[in-house]
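The following blocks contain the structures, represented as structure tokens.
In the two assemblies presented below, chain A is common to both, partnered first by chain B and then by chain C.
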Partner chain A sequence: MSRSEAAVNEWYPVAIDELLALGDVQSVTLMEQPLSVIRRENGSVHVQKADGGDCPVCVAYGHVWSSCGKPDHGIFDVPEAAEPGRRMVDCGAVRVKASPLRVVENFLDIAHFPFVHTDILGAEPHTEVEPYKVEIRDTADEVWATKVRFFQPQAAKSADEGQMTDYMYRVPAPCVSILYKTCPPRPGAWDVIALFVRPINEELCDAYAWMALYDDDSAQSDLIQFQQMIFLQDRSVLENQIPRLLPLDPKMEIPTRADTTSVAYRRWLKRRGMTYGAQLVAK
Partner chain B sequence: MSIELSSEFVWMPVALAEDLAAGRVMRAVINADSVMDLAIWRSQSGKVHAWDNRCPHRGMRLSFGFVRGERLSCIYHGWQYGEGGACQHIPAHPDMKPPASICARTFDCKEDDGLIWVSPGSESKSDFPMHGGEAIRSISINASVPDIRSCFSILPFPLDVSDNGDETYQVIENSNSCIIIEGSSSHQTRKLIGWFLAVDSIKTMVHLQTSPTASTELKILLSRWAERLRWSAENLGKSAVA
Partner chain C sequence: MGLRLYDYVLSGSAYKIRLFLSLLGQEYEGVAVDFYPGEEHKKLAFLAINPAGTLPVLVDGDLTLCDTQAILVYLAAKYDTTESWFPQSDPSLLGRIMQWLAFAGRLTDTVGAARLHDMIGRDLNVEAAREGAHKALRELEAHLTEQGFRNEVFITGKKPTIADIACFPYSALSPDGGIEHDDYPALRKWMVSVRRLPGFIEMPGIHPLHEQHEMAAV
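Let's turn to the complex of A and B:
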């Protein structure tokens, strides 16, 4: 298991906080280990391994987080979660037969919008990806992509017409991606949409979406349905990529300039030794 | 002569030609010496192509893509591939000429006697294993090749729309990959040719041909025969009473 040591000591989502009622015990699998997520009658949350051993627990951003190992850091900070006026939306989990790293990488990609999310997040002939900026912020050890712009026919549930949408992407942990995008009702502010992925094994995962939006008009069910529709379109691609593992060998898949974020993400994973869900050498 | 589909046998039938219309793409899996996942597509002008089912960009199966004129476009990012598998257009960079290094892997591919044939190897090509057949049907059967073969050779097939009961059958070719049975009656002789491609140990694609040319009515009867073959092979060894 030394191969996945870097992966073991990370935080992963194991339950949706609101759906874990008093007295509930939920069974989940994290990196091939069966875990029980428990909310005791006094409200406290515990995560246990099959042998009864306690796992670390943290409740943040609408989810219960845990780890099979011992994270030497707290969970990443999402400052927007504390901003007044934002609406937090749990979108549920979608199971995907793909590497968790493929799922995160797809979330960082905009060039697929016109083809996979046709007439919603993109449409021909507006397919061009303009140059944007990617960096690995060393202090926090996070991948950031900024100054990303793309034409969108319907950028959000609250959008009525096509517009150029500004994006920023952030990868604070190997199986987490957070995107910031233009907020139609509030110019100048950013909507936050995050994807938290729990590896079940190297080729199977549950992806939880969570949003912090400035939108007090849309019905909750519409917001969730919009996000689920988008993600299910992604899933049809994710379950048909060969191989299922994310190749870290640069010879295996050919990127272009539009893939700068994905190239940085793969390098960053390699540098961290995060190889759980990755293919190091082409088979 | 024994006909075996393997790496030495360079042409393999993957689909009925009439099942692939112009502008469409389909998936085919060949499991001879190793498993091959293929995207089979027909351009608007009618040319058939067989490619490795994997976009060189992000590994997406090209069989989910769409045909635009003489190019196959990947569903994921719309990258377009043309003659020889070369990438000809990357929508994210519409003004850039894609480098020649971006190329889908291609295989030789031909149409003959109503079937699409693929050559998975790179060695020199032998002749087609043709018997002057006409394609009837491709059918997926949840049974192993040996089980299907044992049913195939004992299930009488129609020679004509109205057979009169004096038909006799002779197996003239019987290998792992191909069975040819000749049926004769007082007024008719007809061959039925079955090609077997194992998808895995429990699933097989069967492509059926006949000769001489069959009427539409007889094709329907032979297609029903193919369904009886499937039923027999999938229920082999199960109680007949159940």
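Let's turn to the complex of A and C:
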């Protein structure tokens, strides 16, 4: 277990807040441990291990979060969640037969857009990823990629035509990725789309998508299905990646410039000792 | 009033109808139903449209159809000006098409179930679902192999019919449910032929044929 101590003491999503009704008990697995997520009749939320022991609980960004260990920090801050006028959209959990870290890494990649999300988030021949800026912000200990620009035929449900889209990526926790992108109906503002991943084991996870958008027109079901369509296009690719674990050995893969965010993410994981779902030495 | 399709983007059955409408070049209005996570299909507003609570549902004027295969039959009979997708003059062909439409229901029950288990954690016996899926796919594989001997590319002959459209989605989506295509070469070849049809559209889990561009370039 020492190998994954850093992973044990993190917060992970275990349920969608709104879908946990009074009196509900939902069974989930977090890092191979069966947990019960309980909403008591008084509305309070509890997470219990199989032996009845209580796990820490936090409700944030539409989800119930918990941990098998003892996080020494609160959950990461998403200041945009408090901004008035945004619509919060829970898109549900999708199970993926891949390392949770691979799912996060895929979310950080733009080079695959024209090939996997053809004619939506990208299109040939607009395949070039222009240079962008990546940094590990020491104050908050987060990975940030900024000044990312990419041509997109349909950047969002609310987009009518192709446009250059600006992106920022942020990794505030090992199994969380938040992206900020141009908001078609409100130039100057950023739409927020986040992926919260719960490791079931090192090669299987549930990925929850959550959005905080400026969009007063689209139906909720349209917004959810747009996001699910994008994520399910990724899923079948992710399930075919070999090895299933995310390689942290630099000898394993040869990155290109477009992969700078991925390189920073992998280094950051290594530095934190976050090796659950990772392959340390190339086999 | 035009066609209205109550739709869910990840449903293989709803995709069957989207695909066929696209192949026919038929316009329609899509209404997204939040099947997951919202379970809108189990709520009163939707049950008033389809008491069975299943997707897709097609509405054309006063007509409401809730069975996927029945929707294919109706669309072909009404909107296919070529009369090639559901030819009714040849009794043998008509019988065979209907047989494969029924077979498609077995793919939905088995592959579709395994997919819901693997994708959104639906609680069901996934081993039984996968076993049933492989049994059905082996039958389709054997049939398509025989079709190959007759130089017939599609399920009921040289031309595609709604039998192909009914069987394609869950055959193609089976890896989503842990049912790989490795053992089914005739099936893979047939799926490429379906994907090359003019007007073909994809859905998540069914990738575009990028190799087609490369082959065209050679």
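Assume the second predicted complex is superposed on the first by the 283 of 283 C-alpha atoms of A that agree within 3 Å, B and C clash if a C-alpha of one lies under 4 Å from a C-alpha of the other, contacts with A are read in each partner's own complex, and residues count from 1 in each chain.
As a convention for this text, a contact is a pair of C-beta atoms (placed from the backbone, for glycine too) under 8 Å apart; a residue touches a chain by one contact, two chains touch by 3 or more.
Computed from a predicted model, the values in this text were never measured in an experiment.
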| item | value |
| --- | --- |
| Touching partner for A:I242 - first (chain B), second (chain C), both, neither | first |
| First (chain B), second (chain C), both or neither touched by A:F115 | both |
| Touching partner for A:E128 - first (chain B), second (chain C), both, neither | first |
| Contacts of A:E253 with chain B and chain C, given as first, second, both or neither | first |
| Touching partner for A:G69 - first (chain B), second (chain C), both, neither | neither |
| Partner touching more residues of chain A, whether chain B or chain C | C |
| Footprint overlap on chain A, comparing chain B with chain C | 115-116, 124, 236 |
| Of chain C, residues touching chain A in the complex | 8-10, 32-34, 36-38, 40, 118-121, 175-176, 178, 202-205, 207-208, 210, 213 |
| Complex contacts: residues of chain B adjacent to chain A | 37, 53-54, 56-61, 64, 74-78, 90-94, 96, 101-102 |
| Residue numbers on chain A that touch chain C, as the complex places them | 16, 19, 90-95, 97, 115-116, 118, 124, 206, 219-222, 224-226, 228-233, 235-236, 239 |
| Chain A residues within the chain B interface of the complex | 109, 111-112, 114-116, 124-125, 127-129, 236-237, 240-243, 247, 253-258 |
